[in-house]
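For reference, the structure discussed in these notes is given below.
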């Protein structure tokens, strides 16, 4: 049995937006991890796990099929992936961070140090298609584990492998990355927090993680977009923004800044706030285009209803009008109802499958 | 956080055929384990795991929903089940041994020592229905994990949670036990071994596990059938017996005994051997009835084809004729084809779902 | 057996937009017909059928279940609905015109004269919900009969009973009407004809049927909207308008008027034409609101792709902005692909089912 | 337009067991009819229909897709199949008798006289596989039309096109024939009538139709089995035989013969009667083999429960033992429950689909 540092395995494929550091490799985002093709009878991975509140979970596949899923304890230790297998055959193994980057816990990380094995590593073939998924809890796979009645907001109920992003990428044989945060929006979070807006963090590696550890790990560094250019960007945002209309005002404890999506007396959405949201949509599209000059951008919406659909479309429309950009479109995804709901009132496995089907059909059409 | 020995938790429900020993509780069979209702924010389980060749795996559910699955390393250590949850709410947790009793490794065991928690245990409600499943690799859930192309015979590809036994019990809200061994039959194993016949071991707790450790653990002790009387017994055997017609003769290395299911010159099954098989079917039914006076016995067959169907029926028929026993019946289960196959050419998840559906419908009818 | 003129049967429910004339009752639109609750062993209907080119077809249900479907020959004659049934039981019978109003054949009509029966008529209960469906070939159910390879544009391949309108109404237990024409749009037809725009004909009973016979039958009379106010209007238009970009210019043979949806040199849609389309969307919404002050209006689109989605949304948006009307929304319906296509490259039975499911979910939500 | 007598159309394919007479062609059994490949714009069929009580119904397909279904009035007249189609293209048209041979109405027949057309007939390709289905109401497609609550026993609720026989043949691209009678069994009918046993009539063309008209038409003539040898025979009988245990004794009004399937005092089936049933199963298999030397015979059972399964198997077993015939097997079909039931408590469309799926899989395996 040999132990090889990740930095020494040329054939290792790293998934997800991260730094150049490989000693160890730090996993920030949902579905980030590594993939390898390896012969031999056994494979182990050496992880180093830290957290204060929210423990990370991981899942892994062997030859594309889900094998295991477990909670990670703090510390540095070895985890077995497989053993007792045919030494000659090459096995494809992929390790997935099941949990999103947790902006609420600046110490919640998985680091990958090394692999222990008795075989040989072989290159992982590059996919012809690359997709980036940008979203909120839906894209973070929240509610894809756990019984329907579950209400606790805990890492256990997040899944990288059951969500529409993973299913879509698998069906299209695409490499994919996820950039998502539960509760966040384009313009504000579900509870009107203006800082919890995805676009503010898009240009750095993982700047929504707070604190010194993230600084040390390089999460706040600018992301070099030239290293990975997606063919398709799927934005699935807007669901939380609209929740703000029915939530109390947010006050920034430090700056005193205040914000709330307001309703008119007749109950309709305040025009000014809707316009600000539309502006945020248009601005984010501009940012996305600057960073990804050739990607087809698909703004998806609808897995938890379509109350803000017209405003999203108007935001898109205004961006397209101004920019002349023709590679942007809007796609409605299937809604959640009692037949396809998961835990925590979120879309369940069936809803994510249905969404992936619609998205796959659409992407095939436009490419 | 409190650590409580399993032997001290009155409210703990033990699943699966085992001894009376609780310090620790030894898990022998597929789907054996424990179940508890517990409040508090965290729950951990202290396991002790041994094996020479075949490492055990486990899965667990929280409130009935599958949460985790992992390979178990040797040693005695704590594993987390959940953390960070609402302290007030009572969580139902069930731990499943994913791997069958491994007759090929006399040291492959999971022992449960204790639970660590910060809540209170509550009783687990007794189910109104009890079902025992007796079978081979199909009932051991072989092939329910792993990609279709997998051929390695390793513990990783066995599943207690995805098999028709678990699905049937869940749908009927029944407590269930599994008594099964991959490759074995009623009369002989797939490779003509006359010792690998399930009926020979039915009266002891787990006598198909070899060696001193099993002796020490009590696996060779007679099973006290009065402690757990099933309402329904599902026998799913016969698939391996028929394989012997196309396998070489078996020779017992110690006794020199020889056996082979033979074909006539025209290719048809040798009558004498078929009759011996039928006799074994009838004899096993007699045994089952002696041990379980009131159970409905359903002999199932068909998930890997029905070549031996007529002979099984004739065995049943001859038993019923002789005994006058009316509570025995035969049920064909859905076959495996390219649409529902799993790994290792075994029935896949879809096939087990289809089988459970047929079985549930039938059990509802006869009860 | 009694023969009773339709005008004499108070309990008869007439479906579909038509005149006040009942001697006979004329059926213009898809899914128009009659419904009755009647006891007795037999029921016959006396029809009078005319056409020059396109023969009408009808289907009927007994107690909600589809029973028959046939081509109608010209002439006046009796057709049996059922016979030999239990005389006491009340049967619900509904007769559906399977074919749309055929603007290409001014003599294509079904008239209903009388019913022959040996039972008693009972009132048909009023539904609590009323829905109007306005559309093109999709809403006319084109392609819902016939093998995939069929290309003939013939009445045989139109179906009132398999289309999403019927399925949606059935699921919601709603009364419904269909106002649709194959090949037509909001602003122009698939071949750029400006006269083949649904909005031009919305205010009359059935003014898109040409010629003297329609004049005589009253199809050109204004429709009295106060007689039937829908709770929901589903507009499913826009699919044909966009086809004009790739079709030759249309020239009106009489007035010499010319029209074409043009492309820019770079292949994109000509802005001026797109704006005219948006205007037509907005104008039609204004008309719909004038005629139906309280209806929820849902503009649906997507069963044959979403190339014009942004423009439809912008048209809706501009209408809502100007009018302040909040009871208008946009809903994307499932697309047609190789798995759900019917004959003539149109959405098939499965696609219409999927569409109905989405629409039902959405209507339940907004009501 | 040309009118051509059926006897003059060499290219016409006749389906179903019938006489050699073609002027006209008489249709006796479910799914009997004709098939043709024809060019031209129109096709009409001249039928002659008679009945006293039970009117026949027919369905037809164009290019394999179901197009129409209607009740047939008495008399001789022309019915349109299609019109307005592309004159060049060859259309495949098949006419199906939807109703079984009605042993309760000696005058219920459809005769086919001629076809009217403006095209040319082309040969119908012979299928490589031939299947005969022998059964009761299930195989006659009873309950495949009509709402669940329907209880009237009328022709309207029988369907040739929705039943498992048609679906199986379509999936296997096989030619098929149906020999079936509602309420009948192998040994006795549901109400203990010993004359209503399918085997008694198997050797003649259609001798279960009573009266002079059948004599005149040749229905009582011996069937020449050499003209059509099936590769597979599906027997789906036994469901009615067992009903006799709970029905009153039958008395033959003419001969005074009496019969009843009896129960023992403890409620179990009377052994003597069960043995007589088993004998009837064995005897029928002997007859089938005599008439069809090379066919695979599959005895199916289970679409309305499996109470008589063991007895059927024992009958089969005893036949196989005595004859040495190896080309006989037993197959259980999916049961009817609340999710797949049709009208009149019979298997519905979904149940027939499920049955066809199982049967198709099995036939593929054994051929």
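All chains are identified by letter, namely A, B, C and D, in their written order; residue positions are counted from 1 within each chain.
In the analysis below, a contact is a pair of C-beta atoms (placed from the backbone, for glycine too) under 8 Å apart; a residue touches a chain by one contact, two chains touch by 3 or more.
Predicted model, so just to flag it, every value in this text is computed and none were measured.
Student: State which chains count as neighbours of chain C and simultaneously of chain D.
Tutor: The common neighbours do not exist; no chain touches both.
Student: Using mean C-alpha positions as chain centres, tell me how far chain B is from chain C in Å, no decimals.
Tutor: 58
Student: What is the distance in Å between the mean C-alpha positions of chain B and chain D?
Tutor: 44
Student: If you average the CA atoms of chain A and of chain D, how far apart do the two points sit, in angstrom?
Tutor: 58
Student: Indicate the whole-number Å distance between the mean C-alpha point of chain A and the mean C-alpha point of chain B.
Tutor: 39
Student: Going by the contact rule already set, what residues in chain D reach two or more other chains?
Tutor: In chain D, no residue touches at least two other chains, as defined above.
Student: Indicate which of the five shapes (line, ring, star, complete, other) describes how the chains touch one another.
Tutor: Graph shape, chains as nodes and touching pairs as edges: a ring.
Student: Name the touching chain pairs, would you?
Tutor: In this structure, the chains touch in these pairs: A-B, A-C, B-D, C-D.
Student: Can you tell me which positions in chain D touch chain B when the two form their complex?
Tutor: 268, 302, 305-306, 309-310, 313-314, 316-317, 320, 326, 329-332, 334-335, 337, 358, 361-362, 365
Student: Can you tell me which positions in chain C touch chain D when the two form their complex?
Tutor: It is residues 53-55, 62-71, 73, 80, 82-86, 89, 145-147, 149-152, 154-156, 343 of chain C that touch chain D.
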